[in-house]
Structures are given as structure tokens and as C-alpha cells.
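First up is the structure itself, then whatever we jot down about it.
Labels run A, B, C and D following the written order; every chain starts at residue 1.
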Amino acid sequence: MTATPTRTERGTHRAQRERVAALHAELTGNGLVTWTAGNVSERVPGEDLFVIKGSGVRYDGLTWEGITVCDLDGTAVDGVKKPSSDTDAHAYVYRHMPEVGGQVHTHSPYATAWAARAEPIPCVLTAMADEFGGPIPVGPFALIGDDSIGRGIVGTLRGSRSPAVLMQNHGVFTIGPSAEAAVKAAVMTEDVARTVHLSRQLGEPLPIAQADVDSLYARYQNVYGQ
Amino acid sequence: MTATPTRTERGTHRAQRERVAALHAELTGNGLVTWTAGNVSERVPGEDLFVIKGSGVRYDGLTWEGITVCDLDGTAVDGVKKPSSDTDAHAYVYRHMPEVGGQVHTHSPYATAWAARAEPIPCVLTAMADEFGGPIPVGPFALIGDDSIGRGIVGTLRGSRSPAVLMQNHGVFTIGPSAEAAVKAAVMTEDVARTVHLSRQLGEPLPIAQADVDSLYARYQNVYGQ
Amino acid sequence: MTATPTRTERGTHRAQRERVAALHAELTGNGLVTWTAGNVSERVPGEDLFVIKGSGVRYDGLTWEGITVCDLDGTAVDGVKKPSSDTDAHAYVYRHMPEVGGQVHTHSPYATAWAARAEPIPCVLTAMADEFGGPIPVGPFALIGDDSIGRGIVGTLRGSRSPAVLMQNHGVFTIGPSAEAAVKAAVMTEDVARTVHLSRQLGEPLPIAQADVDSLYARYQNVYGQ
Amino acid sequence: MTATPTRTERGTHRAQRERVAALHAELTGNGLVTWTAGNVSERVPGEDLFVIKGSGVRYDGLTWEGITVCDLDGTAVDGVKKPSSDTDAHAYVYRHMPEVGGQVHTHSPYATAWAARAEPIPCVLTAMADEFGGPIPVGPFALIGDDSIGRGIVGTLRGSRSPAVLMQNHGVFTIGPSAEAAVKAAVMTEDVARTVHLSRQLGEPLPIAQADVDSLYARYQNVYGQ
């Protein structure tokens, strides 16, 4: 991981890197990230590669050059920035979940507050039933530096309806068929994390019956054609 | 509902659609909506039609083309976007409350936090007495897909002074003589939902005597001439 | 109060009205106001007049024409807008506190949350000791429409170090030698209302000894030369 | 302290003052400061001087002329503004911690809420372990006007991994090898103060084992090469 990029003169995958760079504006615009933390990645269609935000790159003025191309081991193969320190986790997920086309990582405050208690967010909003199909689950505490975080993400999300996992004491990882879908999941995660937090502050939100959760989820996924 | 629009070449009701599109900026500017959720609609004066935000349309760059014209059954009759998935609820309200000229739906966080507990917001602020004339009431849990939400809105708001209802586990619906009035009600709903939430966090806000609520409401409605 | 303006063709006091109009941007920029609520006023030097925001005027695009000139009974004497519905309260304060040159009224959320409980904000921050010289006091519940609000403000602030009062179930009124000073007081009121609120949510903030409050207040007022 | 600047015609250290002026935008952009409170300072390399924000200077439109050059006793030696009233504290830190190249002071709300309770922020987030290497400590209550604040900062941070201290009933002071590093520390302090606050509101965040904190801190500091 984090090997020095080998091609720096002429960027490949420029259109995709521009699009992924632009998607990062949703993270700042929705208050999901602080300073340089957080990142968006996306699989390169038809190649064993993905693109991801560079390490320590500021959001302000982020362009395609702030996005680095990596192989599925997380080794940089094109770019002027070292890839994000979360690249190993993204790479692990791309290797083990072929249906995943995009990923997002944030420390968004309300969701991370749940993560610090290792408490899943209960499904008490119709919007949660639509988007997540149930509670947002918690993944294990894992140190950075090997496959622990990636394994935690995959182990929690595989077989779950939720595109988001709260990694204990850490933050949010979301997946989707594209980077944009993963960004939407990250935005909605913080949105429902906040609303359920607020609701719980003054009492106990009412549960939604499992049959109603199932019905809402089925309808929403069908309408949007996943 | 959500039938494919039949006229897409030349938009009717363009001035109204432009105005309603522009009103959506109040939803984002006041932090009431996330991603594509939420919508504003308005009855077309003198016709059995209303205009409403398209389904899945982003707020950024929303123009008149993001607004679809529907008949009072919720069937799209002009536009390039499928109407909002909340169109059935809006249509039901327009059919059953002829005095309603505009509607807004949001999942604004503080108000939805009350909705998730199915708890009305008590009238403990003079601004609430002015605008809502009492507590903001809660409507039933209702699934999307038929008239349930619309019936819940109408059943709760008919005969109430409040232009806003908190639909259980869901969010806010507001009504008004125009789209702008409904937008104002949605903005004020979140504002008072937040202040009363904050007040309740550290104790119990003092009630306002019913006679004072009545006096404030009468004066305010008279001044603004509803 | 709220008599129709008598001169609408050519605005007097235009420079002051422009300055006061521009000061309203601090209310929106600091999140103190919602929709059209809230207002800034300023005494006209050397005349028995003051200028104040018009009633129901939006903040966006507010110009000098949104500011109306009133006499000290609150009667509009120049302007195209009816003066704010809070004009009576401002007028009462100008009549009874000759040292007051500017006033601000808001329903800023954290401060109004304290007001809804009729609970003074305790002086537990050095910044509060600097600016307010002690707790921020609570004024009585008062209905709009006569001198009740004005009397409540004057009765609470006369003889207090605090330039801000929390009117029960209502909101914040601040005074100062100029409109800008009153705006600063309104901004700082919400700032400390929020920080003390947050601190109290997880325990009890430590008091500051009265002698230290006195010392901080004396130093700060001296430095800034009030 | 706060002697009148002696050179006002031609500014020295202009490039550094421009850079430090621009860094203040991070304080406003991240919601760390209100009105004129808060400041950034930076040591002048190779000289017994530092630059710091002027007293009472607004953030909006802050240019290099709003930044004053001081000697290490806190006496202004170049500039048109009196240096910040916090200059004594900055000067004390520069005199006693030669490794410090930049400092920031704020009353950021969540961090100051912890400070008002004199409660350290526990290290329950991997991002805290990375940046702070443990809890964010609390310094003593200290009055402005002599070396008390400076001594409190130095006494708390010397020998601590944390670049941030919460001064009791007051606010945040951060240090770093440069002004930008201290700004980053101030931004991250508020970020983790908020997330841990939110987490504690609904239960008890899980601790991170000391060995894991040590491992995360060592790795992060090594990667970024402090």
C-alpha cells in the first residue's frame, strides 16, 4: 500500500477522477467531514483498479489530480498523491464484494457518536426503512494498517440490507453500485443518525413494525431499480 | 400516480413552475431537506391541476423543468420528470381541502424527531401561538402507496389551527393558501421544533395560558390578513 | 403604532437606514433569525426618532427601503413599509432609557430555549463575564400590543450590567449605545446561550467567583471604553 | 503588552501576515469563532517575534493589516492594530516552548462546554488517538492580564501528547510547529469535542485500550512526519 505512484506525467482515467473529485463536495456541503478526513472511491469499470482521494488532500480546490488510481491491492498506479490512508480498507472491500462499485468513508458527527457507543441506529423512520431496510449496523473495533477494517466492513455488510456500517470508535463506511450511490448513503446515514439521536434525547422513538419496514424497503428499492 | 408525462416538448404553467422551483431554495437554505427528499407543490388557480417537484430531482440547479404538472388524481399531465413519490398525498389534500393552495413535505430533523416519538410540539413560544395557534399535532403512521398519508394529513389538520402536521415516524407536511405560505409554515415548524427541543433538554418549558395563545393567534392572523 | 407612513417618495436618514439594513446580515449570518422574524433599530442622533426594520420584510435583499423611520411613540414618519410589529417595545425602551442608542430583537434558538424555561443563563464563561458582567436575566411574560414588553425589558435591564434580556416564552432583546453594539450583544447572547446549554447537558458547569466576574467585567469594559 | 505600534507606515513580514490572516478563514469556516473572538499567531522564523491578530478586528475582510507583529514580551513592534488581548498568553508560550511555531485560541462551543465543566475529553475515537494521542486535557482557571493563562497552557501541554488544552471556564488553546498545524488542531478539537459530546448524551462511549491509542498515535505521527 501507499507505494509511490509510478506515472505522474499524464493522468489516466481523467474523466472518472474529475467526477469523483467533484463528488467530494457533497461530503463538505453536507457537513460530513472535517479538514482532510474522509474519502470517496470508485471502481474503474472493466479494470482491476479503483480511484480514491489522495492522503492529506484538502477538500477546497480538490481536482482530478487529488485523486489517485490504485490496483485492487491498494497500490497506487497513477497519480501525484499518495492514496488515502484508508485505501487498504477500500481495496479489501472491492476484492471481496464484486457488486460494490463505490465507497465512502467519513467521521460524520452524529453517526460517529453512535459508533463510539457501538450502538446500531434503530430503524424508526420511514426514510431509514426506504434507504437502509432496517437498522444501521455496527462493525468491530479495528486498527488501521492491515485488512482488519476491510474485514470488519465486509463481515458486517455482507448479507445486510444496509449500505452503511458504523465502525466502532471510528466512523462510517458506505458502499453502493457507484461512488454517487455510496455518497448518497453516507449523506443519508448522517441525516438519520441525527434525527434518531434527537428523537432519543427526549424519549423513546416508536418502532416501525418489521412488516412495514420490509414493505417500505421493497417498494423503494423497486422504484429506484437497484 | 406516476404515469409517464404526456407532454414534454413545451411546458405549460411555466411561470408558476419557475416560482415553485425557486421556492425549494428555502428548504435547502433553512436546512429542512437532505439529498432529494422533500418537495413543494402548488394548486394551479382555476384548473384542477397542481405543480410538484419531480421524483429524485436534486435541489441544486432545480429549474421549472424539475417541476411536473399533475391533475388532482396525481397523474402527471406535463413535464419531463415523474412527479414526487409523495404526489398521492398532495393530490388527496388538494381534493379534500379546497382552501389549500400550497403544500410542503420535509423530513426536517428536529420536527421529525418529535414525529418519531409521535409527540406533539407543545405551544410554549409566543411565535408558536402566532403561527400555529397551539401545539403542532401528530398524524398517524401511514404507508406510502395509497391514500393513507393524505387521509392522515387531512384528518389531523381539518379543524386544527396548525398548518403543520407531524406524520408519525415520517416527517412534516404543511399547508397554506399558497406554496410560499406552506414553505413559511415548514420553516417555522422546524424553527419551533428545535427551540422547544432545546428547551426541553434542560427542564420543562413553561406553558402559555390558553387565553394568551388565543389572543396572540387572533392578533397575528388578523395583522397578516389570512 | 404601525400607522401608514406619511412620506414615501423621498427617504430621509438614508445613510443610517442603509447601515442598519446592512447590520441585519449579522442576524442571518449568525443564525439568529428565521424567515422575517427579528429586527434591528437605532436611534437617530439629535432627533426624537429611530429607524427600524419593516414588518414582514425578508432579510434577503433588504435595503434601506426596508427600514422605516418612526417617532418615539412608534408612529412611522418615513418609509414604504409598516414598521416591525415589535416597534412599540423598541419605542418604549428609547423613551425610558436615554442611554440606549440601538436595539435588537431575535428568537435565536438556544437563548429562546432558556427563555421558554424562564431560566437565566448562569455566568460560567469568562466571555460572559466580559460581555454581560454576570448572568443573562429573564424578563416577564408579556403580550404584544401595548407597553408590556417594553416595560418588561426596561424593568429587567435598568440597573443590570447585562445588555440582553430573555423575555419569557418569547425571545431575546438587546440594547447598546449603537445598533452595532446591540447586534454584537445579540450575537454573543446566542453564543453563550449555546455553550452553556451544551455544558449543562452533560453535567454542571463550574461557577466563576463573583470577584473574578467583577474583575473580568471591569477590565473588558475599560479596554473597550464604554 | 498592547503598547501602541511604533511603525505603521510600511509593514514588515508582509507575506507571513498575509498567510496568517488567510488562516483565520478556517476559524470562521469551521464555526470556531464568533464576532471578533479568537486568534491565530505564528512565530517569525529566526527572529524573536511573532505575528498575531489585532484586537477587536472582524474576520470579514481581514487582511495582513489586521495582523500585528510583536516581540516575545508581547509588545507590538509593527502594525496598525493593537495586538489581541490574548497576546500575553501567546507570548508566554513562545518564550517557554521553543518548539512551538504557531498558536490558536478559540471559544469553540463544544470544546468550551467541556472546559466550563473542567472535564477532559476522553479518547474514545480513533481520530482522537491519531491527533491527540489521548484525552484533551484541562488547564486551570486563570484571569487575563498577567502570565496566568500562559503558565496554565504551558503547564498543561508540556509533556502532553495533546496539542490542545481546554482552559477552565474559558476556551481552547492549541499549539503546533506552524500556525497551520495549530489551526488544524483547533479544528480537530472542536470536531472531536462535538462527536464525543453527542455520544455521551445517549450513553457511555466505549474506551479505546491504551495500547491501541499508543499504536494509532505512533503510526499517525510517523506517517505525517512530526
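Here is the rule we go by: a contact is a pair of C-beta atoms (placed from the backbone, for glycine too) under 8 Å apart; a residue touches a chain by one contact, two chains touch by 3 or more.
Protein names from UniProt, one per chain: A, B, C, D = L-ribulose-5-phosphate 4-epimerase.
For clarity, every value in this text was computed on a predicted model and none was experimentally measured.
K.L.:
Chain by chain, through touching neighbours only, how many steps does the shortest route from chain B to chain D take?
P.N.:
Minimum number of steps from chain B to chain D: 2.
K.L.:
Looking at chain C with chain D, do both copies bring the same residues to the contact (over half shared) or different ones?
P.N.:
Counting which numbers both chains contribute, under half are shared, so the two copies meet through different residues.
K.L.:
Measure off the straight-line distance from the CA centroid of chain A to the CA centroid of chain C, and report it in whole Å.
P.N.:
Here chain A and chain C have centroids separated by 45 Å.
K.L.:
Whole-Å distance, chain A centre to chain B centre, using C-alpha means?
P.N.:
32
K.L.:
Could you check chain D for residues that touch two or more other chains and list them?
P.N.:
Those would be 201.
K.L.:
Strictly by the criterion at the top, what is the full list of touching chain pairs?
P.N.:
The complete list of chain pairs in contact reads A-B, A-D, B-C, C-D.
K.L.:
Can you list the residues on chain D that touch chain A in the complex?
P.N.:
30, 124-127, 184, 187-188, 191, 194-196, 198-199, 201-206, 208, 212, 215-216, 219, 223-224
K.L.:
Give the list of chain B residues in touch with chain A in this complex.
P.N.:
34-35, 37, 55-56, 85, 107, 109-110, 112-114, 116-119, 141, 143-145, 168-171, 197, 200-201
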